[in-house]
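Here come two complexes built around subunit A, the first alongside subunit B, the second alongside subunit C.
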Partner chain A sequence: MSILDLTISEIHQALVNKTTTPVELVKEALARAKANNDNAFEILIEEQAIKEAEALGEPEVDNPFWGIPFVLKDNFSTKGIETTASSNILNGYIPLFDATVYAKLKKKKAILIGKTTLDELAMGGTGTTGHKGTTFNPWDPKHERLVGGSSCGSAACVSAGIVPFAMGSDTGDSVRKPASYAGLVGFKPSWGRISRYGLFPFAPSLDHVAYFTRDVKDAALLLDVLAGRDLHDATSSLEPVERYEEDLSAPLKGKKIAVIDDIVQTISDQKIQLAFKRSCEELAKQGAIIEHIRFGEDLLQSIYATYIVISCSEATSNDANLDGIKFGPFYPGKTYQEVMFNARTKGFSELIKRRFVIGSFSLMSENQDILFRRAQKNRRKIVNRLNEILAKVDAIYVPAAPSVAPKIVSSSYKLSDEYLIADNHLALGNFGGLPSITLPLMLEDGLPVGVNLTGAAFEEKKLLSLAAGLERITGLANLSVLNKKEGNL
Partner chain B sequence: MNFEAVIGLEIHVEMKTKSKMFSAAPNSFSREPNTEIALLDMAYPGTMPIVNKQAVINAIRVANALHMTIDHELHFDRKNYFYSDLPKGFQITQQFRPIGRDGYLEVLGRDGKKKRIEIERIHMEEDTCKQLHFMDYTLLDYNRAGVPLVEIVSRPDIRNGTEAMHYVEAIRNIVLYSGTSDGKMEEGSLRCDVNISLRPYGSDAFGTKVEIKNINSLKNIEQALDYEIERQSASLLNGTPIQQETRRFDEASGKTVLMRVKTSAVDYKYFPEPNIVPIPLSDEFVNQAIATCPELYDAKKERYLAKGLNEADASIILSDIAMSRYFEKALPLVKNAKTLANFLIVEVNGYLNKNAIGIAEFPLDEASMAEISNLQDDGFTHKQCADIFNYCLANKVSPKEASSALQIEKQVVDEGAVLQAVNAVLDANPQSVADFKAGKDRAKGFLVGQVMKASHGKLNPAAVSKVMDEELKKR
Partner chain C sequence: MKEITLDVLHDAATRLLFDMSDEEYQTLFEEFKILTKQMETIGRIQGLDELEPMTFPFDCGNSYLREDVAEEPLPREEALANAGSVQDNEIKLPKVVG
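Presenting the complex of A and B:
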């Protein structure tokens, strides 16, 4: 096993002990990236990465990110590095500024080795719609399965062992769902906890910076670095930043965990049901108090529609700046309307255009009451219900997905409860801006499935502590295709 | 007149802040095109809006001056449309919750009576980029993209061009004196769009609305509206219905001309701006913004009148904010505000006009101006003081140096001395006295001249003239 296959905190020890060097790590990460054939990269940043690694002096003992290679989803603005959000409309776009999260990681001397694929403009959950085509699940060498999206490339990179952590974004479940399919920890802190400055917007009221790691401790360490107020993002919170790794070994005794039965029950996969049940029993055995509750089926069934209306409405407005005039490929035309029309016709895929049409339709003044405003009101109802639950318990606990990574050609019945609820409930965390974390539960025929814990806003520390307890139960910390495990459940 | 005009105004005011409404780019005029741009102004992906605090303070001040209810929570919304001057594809504005609503202004109507014009709302928004259209291409200047604006929307309470003009003038004075804007219509920092419709007197219904865009002076507002009222009246009397259209005012002909016929209204698909969470404004913040507002036009005018200026003097000085600043700096140093005002209105303005400069470039400082003004109140003649004024400007010297160079001495007004000199001249010129008695008025001028000559100009001519009249009567 290579040092690169360890967690961030373990690699850090090796760097401090000089068992390895940043240059060695970066070179190995780049070599693995080049050997990988999951179609995870928009761009590899070889020269700059090696140069940065070489320029590092003595290890910084108190800085766990010193010399650690990582990747960014290609919807984070990176100065001087082409950033396309996997959309043809941004081909050749070289940003003039760094996203705050990239700037923070750079300052911590973590080393960016590449930018990863996504569903076009982060709209999509399959990892198949980017302009470079499908990104495959590293757990399936036959390339028959999705890794999920939209943060597909970042998920693939971490589960393929290329880097120990990867930045993504999560508007509906775009990190937490792929984390389930890829056997990773996928963490989305509260809305406002991490600055979104430089993250290409999809739907700002739902957008979150999120990321993949291979264990809960790394997720906590990363939040230490990324959390905080940013003067470039007026929605970033003034809540004080904590030391998120402090309570990771706290016992589970007395912790209240709500299981939402009307989500769990929609899952038809009995192996997942069984493993989930066992995990609940183990939690109870360790003194946690499991409360079975019902969220309300009507509200759960409305998640997907509510999400689509709000996210598409915001998206159609956010992406109106992509008009072929200021950046991206220029398509000539006789009038400015023609220039915009040509750029947007050729630059966006059909799927994106469909979403814009849905959003635009929802915002039309004659439709706003029955679509956009109705969705907003419903979102409020859902969030009220969530907060009502979270006022009484420490976290909500449910399976992150109804299945292992689906096959690329498979399709689900979009009006079934399993699809509407079990496949879409992670958006609850986006509606409420709540901290939400997915971690591996089990492996089913060699493919991982995750569970999800969601807590009250800005209670990341408590949530991570619970997640660490659950991780001890599953025995699946630091899982990757190069570091396969059986797990305890 | 058979019809009543119903007029509503939308006024856009560019705010004079250091930076733009939502970005850190500098906000100043007359720079090289496309040199004052932040990433947000060009809508680079991932950039986010940050509300300009000074713009909020300015908007509060204007809202307060317009007697509006101020919202203590800031909300912003997106107005979505595709246009070449709109980099983001949407404009951030305050559609659903403007910072101020339900205000009014009292303005002079055509009959000279005060009339209350109700104001529906004032809201903040960002300007678009500037477009220069040529035959087959358009140039874009993003310097203006994101410049903070307030938009002030009146209720349709205005009935003629004169009221409209006075309304805009009052608003210009408020934005100017509150430090919100330089309020220059001709440069576009105060832009005025007018909605006008006609209806028969006594009717409550509204006629078809015509919009007149971008009128660039106060006088043109009056002219454009008065013309438009006539045009629409004539058209209605002809039996030709008014069509919903946008017109502009053509200065050369004094007429409004058709720009475009309005088809169905654009749907701007407004929705709340998700990148700005509602910002609570504390009572303290709002009160502080109001308390620290620079003194407004009306308050200044009242103060000037109390200092002894008449309405016309006060208006002239206040018509130029820089002039009023100059006046106020000199004011504490002078014995008589009216004397100072006269110097500013006649001598100073004369000098500025002759040299085509503004008061900012006027070389004489306020203290020197006050000194000259005080000389007049100490008994020097206005003519003497004007000579000193001119000498100071021509030779770049202080008033003291000027008066000694000009050897100007105070004229004698003492009655005894004047009486003695007058009688001496009358005694020596019996023929002139006789001429005067015979009805030749010119003789008096000669006699006064003789007195002045004999006293080497040291006697006050007014005093001499007065005593001369009395003494001639006695003879």
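Presenting the complex of A and C:
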């Protein structure tokens, strides 16, 4: 096993001990990236990455990110580096500033080696709609399966062993669902915990910065770096930042965990049901108190529609600035409206246009009250229920997805409870702006599937402590296709 | 709710300043049939009229005034660097008046 296959904290030790160097790590990461055929990259940043690695001096003992290679989803602004959000309407766009997330990682001397593919403009959950085509799941060498989206390239990079962590964004489940399909830790902290300055907006009331790591400790270390108020982002929080890795070894004894039975019961895969049940039994053996509750089936069934109406409506308005005039490919026309019309007709793919029309339809004056405002009211009802539960327990615990990574050609019945509830419940964390983490539960016929823990707003430290306890139970820390494991469940 | 027809979808797309092919409009029309049923799941929820629409996950009372410190504006060359139609240091578009 190469040092690159270790976790961030382990690689850091190797760097401090001088068992390896940033240049060696970056070159190996780039070599793996070039050899990879999962279609995970928009762009590789080879020259700059090697130059940055060469310029590093002595290892910084107290900085776990010194010399660590990483990737950014291509919807984070990077000054001087083309950023397209996998959309043709942004081809050739070169940002003039760095996203705060990138600036913070640069300051810590982590090394960006590439920008990754996504579902166009982060609107999608399959990893098949970006302008470079489908991003494949590294766990399936036949390339028949999705890795999920929208943060598809970032998920593929970490699970293929190219980098130990990758930045993404999560509006409905865009990090936490691919994490399940790719056998990774996918963490979305509270809304406002990490600055979104420089992250291309999709639906700002739901958008979160999120990321992939290969264990919970790395997720905590990364939050230490990224959390905090940013004057460039008025929605970034003033809540004090904690040392998130401090309680990772804490015992589970006495922790209260709610299992939402009306989510779990919609899953038809019996192997997932069994492994999930076993994990609950193990949690109880460790002294955790498992409380089986019902959320309310009607409310759960309404998650998907609530999400689609709100997210598409917000996106319709946000993406009005993509007009081919200030940036992006310019298409001539007889009037300025025709210039915009041509740019948007040629620049957006069919799926994006359909989503925009759904948003526009929801916002039409005849529909606004019964669709958009009603969805917003329902969001409040759902969040009230969530917070009522979280006032009594430390976290909510459920399977992250109803299946292993689906085949690319597969389709699901869009009105079934399994689709409406089990496939879409992770949006609950976005509705409430709650910290939410996915981690691997088991492998089914060689393919990973994850579970999810969600906590109260700004209780990241408590949530990460619980997730670390669960990770000890599953035995699946630091899983990747280059570091396959059986697990305990 | 407004009845969904191909004309309504055309109108929505035109307002959004783009067009789609006939086949794409048809796909969208079919998608709306499912979507309408999915939207009914919100219609079934009781007691929503008493609730305020939720526009953000929680209140963030971050109103403040920035210190009145002069900053360097974006240089003209950079501001124009990503525009596809530029002439005499300005973005050039078709005439709007006369």
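Following the convention adopted for this analysis, the second predicted complex is superposed on the first by the 489 of 489 C-alpha atoms of A that agree within 3 Å, B and C clash if a C-alpha of one lies under 4 Å from a C-alpha of the other, contacts with A are read in each partner's own complex, and residues count from 1 in each chain.
Please note the rule applied: contacts are C-beta pairs under 8 Å (C-beta built on N, C-alpha and C of every residue); 3 or more make two chains touch, one makes a residue touch a chain.
All values derive from a computational prediction rather than experimental measurement.
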Let me test your reading of the model: by the given contact rule, A:F431 touches which partner, first (subunit B), second (subunit C), both or neither? second
Name the contact category of A:A391: first (subunit B only), second (subunit C only), both, or neither. neither
Does subunit A have more residues touched by subunit B or by subunit C? C
Is A:F327 contacted by the first partner subunit B, the second partner subunit C, both or neither? both
Scan A:Y336 for contacts with subunit B and subunit C and give back first, second, both or neither. both
A:A203 contacts which: subunit B (first), subunit C (second), both, neither? first
Given the touch rule stated above, what does A:S77 touch, subunit B (first), subunit C (second), both, or neither? first
With both complexes superposed on chain A, which partner does A:V409 reach: first (subunit B), second (subunit C), both or neither? neither
For A:K353 in the superposed arrangement: first (subunit B), second (subunit C), both or neither? second
For A:M1, decide between first (touching subunit B), second (touching subunit C), both and neither. neither
In subunit A, both subunit B and subunit C touch residues 93, 96, 205, 231, 234-235, 316, 323, 325-327, 336-337, 340, 360, 364
In the complex with subunit C, residue positions of subunit A that touch it: 92-94, 96, 191-192, 205, 231, 234-238, 298-299, 301-302, 304-306, 308-309, 316, 323-330, 332-341, 344-345, 348, 350, 353-354, 356-358, 360-361, 364, 366-367, 370-371, 373-381, 383, 414-415, 420, 430-434, 457
In their complex, what parts of subunit C are in touch with subunit A? 1-2, 4, 8-9, 12-13, 15-20, 24, 27-28, 31-32, 34-35, 37-45, 47-49, 51-58, 60, 62, 66, 74, 78, 81-85, 91, 93-94, 96
Taking the touch rule as given, give the residues of subunit A at its contact with subunit B in the complex, in rising order. 76-77, 83, 85, 90, 93, 95-97, 99, 196-201, 203-205, 231-235, 313-314, 316-317, 319-323, 325-327, 336-337, 340, 360, 363-365, 368, 372
Residue numbers of subunit B touching subunit A in their complex, please. 39, 42-51, 78, 80, 82-84, 87-90, 138, 267, 269, 271, 274-277
